[in-house]
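Labels run A, B, C and D following the written order; every chain starts at residue 1.
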Amino acid sequence: MKLHEYQAKQVFADAGIPTPSSQLAETVDAAVDAADDIGYPVAIKAQVQVGGRGKAGGIKLVDDAEEARAAAEDILGMDLKGYTVDRVLVEEAVDFTNELYVGVTMDRGEGKPVAMVSTRGGVNIEEVAAEDPDAIAREHIDPSFGMHPYQARKAVYDAGVDREVAGDVASVLTTLYELWTEKDGSDAEINPLMVTSDDEVIAADAVMNIDEDALFRHPDLAEMQDEAAEDDLEAKANEYGFDYVRLDGNVGIIGNGAGLVMTTLDLVDYYGGEPANFLDIGGGAKAERVTNALDMVFSDENVDAVVFNIFGGITRGDEVAKGINTALEQFDEIPKRVVVRLAGTNAEEGMEILNTDLVTVEATLEDAVQRAVEYAEEDSQ
Amino acid sequence: MKLHEYQAKQVFADAGIPTPSSQLAETVDAAVDAADDIGYPVAIKAQVQVGGRGKAGGIKLVDDAEEARAAAEDILGMDLKGYTVDRVLVEEAVDFTNELYVGVTMDRGEGKPVAMVSTRGGVNIEEVAAEDPDAIAREHIDPSFGMHPYQARKAVYDAGVDREVAGDVASVLTTLYELWTEKDGSDAEINPLMVTSDDEVIAADAVMNIDEDALFRHPDLAEMQDEAAEDDLEAKANEYGFDYVRLDGNVGIIGNGAGLVMTTLDLVDYYGGEPANFLDIGGGAKAERVTNALDMVFSDENVDAVVFNIFGGITRGDEVAKGINTALEQFDEIPKRVVVRLAGTNAEEGMEILNTDLVTVEATLEDAVQRAVEYAEEDSQ
Amino acid sequence: MSVLVDEDTRVVVQGITGGEGKFHTEQMMEYGTNVVAGAVPGKGGQEVAGVPVYDTVDQAAREEDANASVVFVPPAFAGDALFEALDAPVDLVVAITEGIPTQDMSRVYKRLSETDTHLVGPNCPGVITPGVAKLGILPGNIFSSGNVGLVSRSGTLTYQVVDNLTERGLGQTTAIGIGGDPIIGTDFTDALELFEADEETEAVVMCGEIGGEDEEEAAQFIAENMDTPVVGFIAGRTAPPGKRMGHAGAIVSGSGTGTAESKISALEDAGTPVGDTPEEVADHIEEIL
Amino acid sequence: MSVLVDEDTRVVVQGITGGEGKFHTEQMMEYGTNVVAGAVPGKGGQEVAGVPVYDTVDQAAREEDANASVVFVPPAFAGDALFEALDAPVDLVVAITEGIPTQDMSRVYKRLSETDTHLVGPNCPGVITPGVAKLGILPGNIFSSGNVGLVSRSGTLTYQVVDNLTERGLGQTTAIGIGGDPIIGTDFTDALELFEADEETEAVVMCGEIGGEDEEEAAQFIAENMDTPVVGFIAGRTAPPGKRMGHAGAIVSGSGTGTAESKISALEDAGTPVGDTPEEVADHIEEIL
């Protein structure tokens, strides 16, 4: 779960990391008022969770109220890589002499956190990592001890940060690590961490992504999640408790188990179709979950046909089949053709139960996917 | 550094460990008022840092104001194993069905903390440990991870605590461990942790000893230290920054380095004398520290002679000698005879400088100690 | 022969009194697994499915000589349950629980490095040695005894692949679901090492998916250390970057690491054929044996 | 020969820019110690006593090939400094600092168990191989080269004993001050093991004191594993229970563990003579050699 810049900055500021003064605005008038309030120059920054906002015109620096109004008008409502901007952060423009990068993430290969510092801040750090890995100082953290003070210093000095600001940068990194730990972060980043002419450091951007599996112990962050959701269907999936990812194609996909659903997507692609989504309904297939899953897929206007792929393990195939029938019987008219493939325990009994005019049944995964791709082509609008 | 019971209970209560209601009183009237306020029966408990207060008459259970007055009169001002009682804790008397023990300490052999639980609470736990070690469940804690919840449960179940209260006892142990860590405890104990008839647990006593080397990061506890000091000379030693321990003999001892001072004490004993104190003046021997050390030893009315044993390492013997002379010249009359033994770097030059009528100089440790023992016998009052 | 699980495996079930724990205990026992104890704090002295329950794993392991644990404890408490199992100690811990916070697992992983215990999972279907015992939630009926080792990050995908194998009469020595989380105990390389050392395993199926670099490391291990042939499958070819595909670990990073292409080409470079469909995986195994 | 410190020891001094750090760096260099670097955060690029200072121990060790560290960092920061030294890594860390909180040392001790580094101290005078090098604050002039190994929990008591030895012409291979804290790196047993393996060391003096059970464990080690004769001394025979005698570790517990009697009888049971006075220690050594 990704926090918005304005949310992450609030979290950082509360922990004592210096951030520029800023206000969130949802209308042009509010943005101009905020800019007047903060004092010019200010930056007007689109609050959408896509990288490269600046290049795409989502961040503008303005020197007076007139420019502020023009910028807010431009940015509010604009489309940034598929997302509509409905909030801007109006922020004090900081005069800087240097831009650093500091970040904390989980190195899954090592199974431990890694703290990172670079003097190449203000640009895409993944590009820096790819082109010049040595430009980023990395310090792995033993999660049982946490980050020792010397490790923060080591990362900072190894990165070549000036001695004048090294102590402050180490202290920001320490706080960032503590926040990352305390909030169950997956990634926490400040890019750039600006250095001013009088050797102050200030977080000009803020990234804080949270481990969704840990949200149960962070009710405050879980609240932010709702505010952060960008897509109506993804918000609905959160509500239903599904793992759901929206894609660009027209074959709706429902299945149980992440690997099997991914494989179904891959097969749709392999047989010439285009997957519209990833939707894992998880273990079991009670009628309610099946209904919700179909509701989600049918709600996606891109979808032209649906493949429903269930491998019954402990769950018996006949029970799954009954769930599917009950769910589909609730519709007066089934909006899109649904192909079902059922395998595993009691699959044959299940397929008999499914032998109605509600769905098309196929015996193998390959056949089911090919049939759904066919339907989607036929019914594509 | 040992906190008083009332101080430790405050620390425990602040952390959420259930404790009986109580008030501290320094006069008989205040004690009776407190007892009236809390409601009878109450316990009146001497606040001195000695074990076995109960047996020695330092704790009394009273049922009404009259008894409270009598008990407070008895206890306030009484002498408990050499300490005068000048404060009592007036405390709600808890009705209990069971007495447990929970504690956390550092196992120095293992270099790690150990959490302990026993159902044999309310008695001297060291006796239990000696007679029936299995009656105490012990769980070593990895200090990098801290205590895992399962470890608290394991200690509690292994000790045989009833399932009805096991969860609450585990939670008290967890809090106790967290306090021990947060406050840099050396020992933290609740003995007894009482179990009431309705399966509540409540800390009827509280021990919290703090690592003196860590007081620099606990200003709140450092303040309590002054309040906790029991002995004027030991308080003075704190002020001067000396390691000082008062003993029962009449040969005052001053030296540099803990091992050498201990050895000097042992030699006093070996040669038939009785050491009056342990006093380590540490590295160097500036005149001021020598003056303070002599002041301490001369202030002890039991002292009849003094042995001053310095092994100059990096510090040069001539400088030490000058410090001793300067310090002793400040006295109009030197209260007790002082024997000095100087060894190590520039010891010979030092002994020449000391060749005055201020002190007696001896060349070897053995000779110096024997001479001081002799003086003490001659001058004993 | 087999790996990790055999006739001597004696299981304690952590969380045996919960709905899932109880149901799968019965299922495991029905399959022939020697479940000797349960462990649930505060439930000591009870019985579930005829099995005695203890308050701590340590007591269960001591009293019933358990040498393996299966963990059905909810995610909020599962990290602690894993520490408890590792400290008991038992030789094998199978963690079924899905949704354990990654930072909790990071600490467990550190502790694991200090022990000799094998941890499988979390967020995994378990381990099965067909005809002998299963530890976890795998449906026993689709497996059959034979010479193919199987290791997979996914549950139902494993069943799909096993189903294809079993249909053709290609039985399994042991199947290990290593789980779909970013930080897991036994990884592909660990599992491949076990299969390489197992005399009965004549071929191995390895079902990977997007995310991380475990498959790439496994490819290197195969190239350098394995005589037993391996057939691969990689799920998630169509996954977009930055999106978590169900499994917490199944995510292609924004910078393009963890892609299916990278994994497939690493395996192919190591001489390991990679099936485009589960059927093709079975085809490859059939050719090898 | 010698233990821990020899001609190849290359020292980085942590806290070299402080008063004590600078003074003892000069003293060590004067004695012949090869001090190659200092490490103080924020002071990188400076020089002290002609030695280059780096911001981190890692940089110092890398740039100057340091393999040992001496720590003069104040107690509040010393725990962190020890972690830094252990992670550099260097082969030997000598921690002079007195007053490090015990819980900090408990964490350092855990980390130490994960490394191959020898830690001597904290709260110790250091290690000296007479005529070769000293790491710490020991007064070099009282030592002389010879065949007696010395290990002690105390500083000035060590000097006293060494003085007695040197006066009689009994020189030392290496003297190790292991420090008076409750939790220390190298303990008596570790030191005795090093001396036992050292061909040149023909006898060992071990100066213990009240507190803990390290001397008792050493006695067991002597009885079971040592051919080299050992002479003991135990300070604190007259110490009352419950009082800290200067050293944080020198305390007889209320329950009576850590007493001088217990240590003396353990050593005597192991066949190790224990001197009543420092002079007697030298007498015993003289008899042995």
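Keep this in mind: a residue touches a chain if its C-beta (ideal position, glycine included) is under 8 Å from a C-beta of that chain, and two chains touch if they have at least 3 such contacts.
Fair warning: this is a prediction, and the values are worked out from it, not measured in the lab.
Colleague: Using the touch rule from the top, work out which pair, B-C or A-B, shares more C-beta pairs.
Modeller: B-C
Colleague: In whole angstrom, what separates the CA-based centres of subunit A and subunit B?
Modeller: Their C-alpha centroids are separated by 57 Å.
Colleague: So the centre of each chain is just the mean of its C-alpha atoms; given that, what is the distance between subunit C and subunit D in Å?
Modeller: A distance of 49 Å separates the two centres.
Colleague: Distance between subunit A and subunit C based on Cα centroids, please, to the nearest Å.
Modeller: Using C-alpha averages as centres, the distance is 28 Å.
Colleague: Give the residues of subunit C that touch two or more other chains, as numbers and ranges in rising order.
Modeller: Where subunit C meets two or more other chains at a single residue, that happens at 107, 111.
Colleague: Show the residues in subunit A shared as contacts by 2 or more other chains, in ascending order.
Modeller: In subunit A, residues 142, 144-145 touch at least two other chains, as defined above.
Colleague: Chain contact graph: line, ring, star, complete or other?
Modeller: Drawn as a graph, the chains match no named shape, so other.
Colleague: Please list each pair of chains that are touching.
Modeller: Touch list across chains, by label: A-B, A-C, A-D, B-C, B-D.
Colleague: What does subunit B use to touch subunit C in their complex?
Modeller: Those residues of subunit B that touch subunit C are 145, 148-150, 153-154, 157-158, 163, 166-167.
Colleague: Enumerate the contact residues on subunit C facing subunit A in the complex.
Modeller: So the residues of subunit C in touch with subunit A come to 23-24, 27, 75-76, 99-107, 109-111, 125, 137-139, 141-142, 152-160, 163, 180, 182-183, 207, 209-214, 217, 235-240, 243-250, 254-255, 260, 276-279.
Colleague: Any idea which subunit A residues touch subunit B in the complex?
Modeller: Residue list for subunit A touching subunit B: 142, 144-145.
Colleague: Note which residues of subunit D are touching subunit A in the complex, please.
Modeller: Touch residues, subunit D against subunit A: 41-42, 44-45, 55-59, 77, 80-81, 83-84, 87, 107, 111.
Colleague: In the complex of these two chains, what residues of subunit A are touching subunit C?
Modeller: Within the complex, subunit A touches subunit C at residues 51, 106, 108-109, 111-113, 126, 129-130, 142-144, 181, 184, 186, 211-214, 216-217, 243, 245, 247, 255-263, 265-270, 275, 278, 280, 311-314, 343-345, 364-366.
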